[in-house]
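The two complexes that follow have subunit A in common; it is paired with subunit B in the first and with subunit C in the second.
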Partner chain A sequence: MTALGEVALWIALLLTIWGVGTAFIGARRGRGDLVLSSERSLHAIFLLVVLSAVMVVVAFLRNEFHYRYVAGYSNIELATHYKITALWAGHAGSLVFWVALLAFFASLVVRANRWKNRDLMPYVSATLHSVILFFLVVIIFTSNPFETLSFTPADGRGMNPQLQNFWMTAHPPTLYLGFTAFTIPFAFAIAALLSGRLDTRWITETRRWTLLAWFFLTIGIIMGMIWAYETLGWGGYWFWDPVENASVLPWLFGTAFLHSVMIQEKRGMLKSWNLFLVLGTFLLTIFATFLTRSGLIDSVHTFAQNLTISYVFLAYLTVLTIICTGLVWWRRDRLKSEHRLESFLSREAAFLLNNLLFVGAMFAIMWGTMFPLLTEGLLGQTIAVGPPFFDRVTIPIGLVLLALMGIGPVIAWRKASKRNLRRNFTLPTVMGLSVGLILWAAGVRHPYALLTFILGVFTLTTMGVEFWKGTRARARIEGEGAGPAFLHMMSRNRRRYGGYIVHIGLVIMFMGFAGSAYDVEEQAALEPGETMSVTSAWGHTFDLTYQATSAYPATNMTKLVASVRVQRNGRDVGILTAEQRAYRQRDETISVVGIRRAWNEDLYMIMAGIEDPNGVIQGTNPRPLVTFRVLVNPLVPWIWIGGILMAVGTLIAMWPRRGVPERPAPPRTVPVGKVPRRDERELAEIG
Partner chain B sequence: MDPARDCVPGWGFLPPVSGYILLVPTKVPRKALNVARERKFLIGGVLVAVVVGALMVTGMRDAMVYYYTPSELATRLASDPSWHEVGVKVGAEVVPGSVSFDARNLDLRFDVRDQSVPDATFSVHYRGPVPDTFEEGREVVLEGRMLAAGTFEATTVLTKCGSRYEAVEDDLRAIGAPGPYYNGGDGDSYGEGYGDSEPTPSGS
Partner chain C sequence: MTEEARRAIGKLRSPYCPGLMLEVCPSEPAVILRDSIRQMALDGHESDEIVEWMLANHGEEWRALPRWAGWGMWAWILPPAVLIIGAGVLIGVLRSLRGRRDPDEVDDDGTDVSDDENERLTAALAAWDAEERER
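Our next item is the complex of A and B:
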């Protein structure tokens, strides 16, 4: 039965070819029936690819180990929910999952644009089909999850223990949702270029899609950070690992685009720049897939295995780049700016600087990530750059962006007057500097941490003033109380205030990052009953008394759980446990950290080593010696709080307005030719 | 506005497309003749690029690490002993049967070998916990330096991320043979499972 999944992939592949052809011919000849057929083929592809993905999951659930993919990533005793998430545990399955998500968005786009953008839709459909076509070819010919082995193993190798974790279940799908959703703005950009309709419409039409993509990408990246923090067990959340970097590259471009798009809407400037960013963001999502999937960077010396995939992706990237550049060059006449920059002290200039910094950061991170590969190729000697490089480049850029977040939203368009500057920035500057002074007096000397707080408070103050002014104005004009006025103001200007909330979340997150300058770490080997103590940057003393280690057998592993009594400044605050999990199937051990969260700091405990683990499991050694590594990480909870605020703000910004129906396009833009009867009837109803 | 009549060349010596990519105005409106102002913005943009570039260059100087295989490192050390002082990254494979860990002092010792040149091996010393999913036969990336005594003093030991781990047919055949887990029940099999560190009974 599961072999049906492969058949579905093949039919989908044929449909993509049909879809590209009909879309182009339909657009050229004005054949609306062909265009409709092309659009509907996206719905069919969606169903087929979902069927294929479901079949992979079914194969996992039924332990069909004659599939190489199933045998490689699962085994009989794997928990059922992980058998479902095993779909994206490996390369081939995650590609199928990827295409399913992409087809889902494509199908949604077709549905949402039944009555509008009819001039763009043929090209949108063609572009989406072609992207799906590429991925289907990659799946079918290089990484087919339905590839069978010549024999049927009695059991599979099991899933990587580090993936058997809630955050690893949620992180890849969210990230993929973000990556694939960026294909929609890309498709509209290509459609605008091909059709020549390069006014601002394609951008306003895709604005919400871009936000949606950005929303998922942001959440996905933050979930990755949480995963790293909670399972990797070295006390941090960001490592500048190539795979992490790969997800940030499109995020940086996408973020730049979300800002520069406002300049185009308001001032008709930066048209080609926006195209560059949209096309670039999509290319970077492909590049990110290439980086993560080819394994080129991480395993510089052992890439023979996936060399084909690397070449296929590189070729695709090259072709895409050439096509995009060619199209922009071809349409260069229609990409003229309507206005010019007038002053450095203007919102346009602030946004432009923001964009340059985002793009600069992107290239710097890309450079650092690709450096081992470049030196290997050019010098024959691999040279890697470590985290210090990325810190050196990104922290200053981040600080300037932190300040711009406070400046950009309130500085005047075109040219700011002295009065505008004084009125908007006096209070924030005073607030920022006084917080800086207070922190200095309190003994904070780390320059970057200090600057983060000064600039962060500056930005938070401008945001606060904005909210306060808006609410007060509305309360006065409408005669409302402060609460309703605040809510109405937000719902009337969702994009603006949603954006502000995203900024506030990011500022809070930055402050959380700054806390890492004051991490404390201690390490001790303890017999049961012994105590170690660690003093945090806040001056709290934690006394940790090791009590016991017990073994708990679970379905596919044995947990060794060490429990520790925690006292904070001499007062009992509870028991903290840390684990080592020994997985049977791969003979691998991972550690699970224990975290005691408080509003101001995390007590983070790792069970780093245990003497005689076998004795503990067999019950012969009930009092083993355990080595603990304990960290106190200040302000970490605020990173996650900031992340939640960012998600909430984005949701507010992209939430559709109630009671404002999507305006149906005038009938003349519906493609000519044969329109099916039901559609005609619906059209008549709308009028 | 008709560009031909109303514009004067700005950075016209560049091909026109550069205006779109580099933000360089290749044509400047004659009406405004804001050459000075345009140039100011250009200088602003270049300044940002220069600052970012400078950050990158200084960052590179601090963070550059040579990446070697064990055999490459051996060749390099033989030709120039001063490399004993230099921090390097080494990608290698943990030699089965060589791992010893002192849980009291977090003192980890193991041997690594080159995957392509099996003779090139050396001992590694690392002070810290056993990294997650560290096991014999696993690929690891070490950071640290090779002491003159011939031991590699590692500051970090990274285990390769397993999500790209492709199943090798031999491993799967080995799983087909009953492993200790099926005979011995639950707890006893700790530390002696039937992973890829097991010698493959059926070979090829």
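Our next item is the complex of A and C:
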């Protein structure tokens, strides 16, 4: 039965070829029936790819180890929910999952636009088909999850233990949702270029899609950080690993686009720049996929792959870049600005500076990530670039962006007067500097941390004042109380105030990052009854007394759990446990950290080593010596709070308004269920 | 841990964990290497000496920060260079945008509006102002 999955992939492949052809021919010859056929093929492709993905999952659930993919990523003892998530545990299955998500979005966008944007849709459909076609070719010819072994093993190798974690269940799908959703704005941009309809309509139509993609990518990245923090046992959440970097590259470009697009909407400027950003964002998602799946760069995240995949993705990336550049060049005459810039002291200029910094940060991270590979290829000698490089290069850029987050939303469009600047920025500047002075007096000397707090408070104040002014004005005009006025103001200006909440979330996140300047770490080997102490940056001391280590057999693994009594300034605050899990099938051991969370810091404990683990398991050594690595990480909880605020703000910004019709009524000339004739469709377009 | 040891460990990648810094690599040999570095720092060695000792024993590829010399310099130069060039291009573009006329902009000498129209406009604005005041 599971072989149906491969058949479905082949049929989907044939349909994509049909879909690309019919969409293009339909567009060029004005054949509405062909365009409609192409759009319907996207629905069929979605169902076929979902069928294929379901068949991969069924193969996992039925332990069909004759499939290489199932044997490589599962075993009989693996928990059922991990057998489902095993779909994206390896390269081949995750590509099927990727295409299923892409086809879902493609099907959705076709349905949402069945009565509008008819001039763009043939090209949108053709572009979406062509992207799906590429991935299906890669899956079928290089990474087929239905590839069989010449024999059927009794059991599989099992899943990588580090993937057997809640956050790893949620992180890849969310990230993939972000990556694949960016294909929709890309398809509209290509459609706008091909059709020559380069006004702001394609941008308006894709704004919500861009926000959706950005939303998923943001929470996907944050979930990855939580996973790294809680599972990898390094004590941190971001290590500038090449694969982490790869996910942040399209995020940076996408963020630049979300800002820059406002200038085109408001002022009709930067048309070619916006195209560059939206096309670049999609290209960077392909680049990220190439980096993750090529296996060219050392990373804990990469899928082990051969070079064939790298060449295929590199070739696709090159072809796409040439096509995109060619199209923009072809349409350059229609991409001129409609308005002029009146002043360097304006919101347009602030947004442009913001764009420059986002693109600069993207380049710096990409350069640092690729530098070892480039030097190895050019010089035959690897020059490594580690996390300190990325910190040094990106922190100054991040700080300027932090300031711009406060300046951009309140500085006037066109030209800011001195009065505008004084009125908007006096209080935030005073607040920021005051907090800086207080922190300095309290002993905060780390320059970046201090600057982060000064600029963060500056930005938070500008945002706070904006909320206050808006609420007060509405309360006065409408005669409402502060609460209803605030809610009505938010609901009537969701994009604006949702954006402000995203900014607030990001500021809080930045402050959380700044806390890492004051991380404290101690390591000690203890026998039961012995105590180690660690003093937090806030001044209090944690005493950790090692109690005992116990062994627990569990499905698929054996757990060694060390328990530690924690006292804060001599007062008992509870027991903290850290684990080592030995996975039988893969013969691998991982650490599970113990975290005691407070609003302002995490007490983070890793069981770094244990003497005679076999003795503990067999019960012959009840008092093993355990090495504990203990960290006190200030403000880490703020990072997750900031992330939640960013997600909430994005949801508010993209939430559709009630009472605004999402689609016009279907034209009466097109009966339901009938394929409209070409003249009927043209009539529908004209309205 | 002494500051010198912390600084040295912060400049090294781990030979035992792919892609990870030595300071966070959980493997047993990495723990031993960190202990050796701590001991060297306690013996009075400076962080740069410790880094050179480690690289001499394990290889140059474990340096986390490219040197400010030779090819390594390019790692440092290019990102700020791109930002500076980008800023230059941006200023150029902004200047050119400042010089370009709005298509809907009227001439400064007001020749698009006749005297008669101008009078009517002034009167209409005055009436509107009065109406606003009354409200």
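Worth a mention:
Simple rule for what comes next: the second predicted complex is superposed on the first by the 657 of 687 C-alpha atoms of A that agree within 3 Å, B and C clash if a C-alpha of one lies under 4 Å from a C-alpha of the other, contacts with A are read in each partner's own complex, and residues count from 1 in each chain.
As a working rule, a residue touches a chain if its C-beta (ideal position, glycine included) is under 8 Å from a C-beta of that chain, and two chains touch if they have at least 3 such contacts.
Note that the structure is a prediction, hence the values are computed from the model and not measured.
Overlap between subunit B and subunit C is detected when the two structures are superposed via subunit A.
Of the two partner chains, subunit B and subunit C are each touched by A:233. Of the two partner chains placed by the overlay, only subunit B lies in contact with A:625; subunit C stays clear of it. By the document's definition of touching, of the two partners only subunit C reaches A:521; subunit B does not. Contact with neither subunit B nor subunit C is seen for A:648 once the two complexes are overlaid on the shared chain.
Contact with neither subunit B nor subunit C is seen for A:51 once the two complexes are overlaid on the shared chain.
Looking at the shared chain after the overlay, A:155 reaches subunit B, while subunit C stays out of its contact range. In the superposed pair of complexes, A:444 makes contact with neither subunit B nor subunit C. A count of residues in subunit A touched by subunit B and by subunit C gives the higher number to B.
Once the two complexes are laid over each other on the shared chain, residue contacts for A:595 go to neither subunit B nor subunit C.
Look at A:360: by the touch rule set out above, it reaches both subunit B and subunit C.
Superposing on chain A, the segment of subunit B with clashing C-alpha atoms against subunit C, chosen from 7-15, 115-123 or 151-159, turns out to be 151-159. Across the two superposed structures, the residue set of subunit A contacted by subunit B and also by subunit C is 233, 298-300, 340-342, 344, 349, 352-353, 356-357, 360, 363-364, 367-368, 381-389, 393, 397, 591, 606, 608-609, 627. Residue ranges of subunit A in contact with subunit C, taken from their complex: 233-236, 239, 241-242, 269, 297-300, 337-342, 344, 349, 352-353, 356-357, 359-360, 363-364, 367-368, 371, 375, 379, 381-389, 393, 397, 521, 591, 606, 608-609, 627. Against subunit A, the residues of subunit C that register as touching in their complex are 1, 10-11, 13, 17-21, 24, 26, 28, 31, 60-66, 71-72, 74-75, 78-80, 82-83, 86-87, 90, 94, 97-103. Listed in rising order, the residues of subunit B touching subunit A in the complex are 3, 16-17, 20-21, 23, 29, 32, 34, 37-38, 40-41, 44-45, 48-49, 51-52, 55-56, 58-60, 62-69, 89, 91, 101-106, 115-116, 128-130, 132-135, 139, 143, 160-167, 169, 171-173, 175-176, 178, 181, 186-198. Those residues of subunit A that touch subunit B in the complex are listed here as 65, 68, 71-73, 75, 89-91, 149-151, 153-157, 160-163, 231-233, 243, 272-273, 276, 293, 295, 298-302, 305-306, 328-329, 332, 335-336, 340-342, 344, 349, 352-353, 356-357, 360-361, 363-364, 367-368, 372, 381-393, 396-397, 523, 525, 551, 553, 558, 582-591, 606, 608-611, 613-614, 617-618, 625-627, 629.
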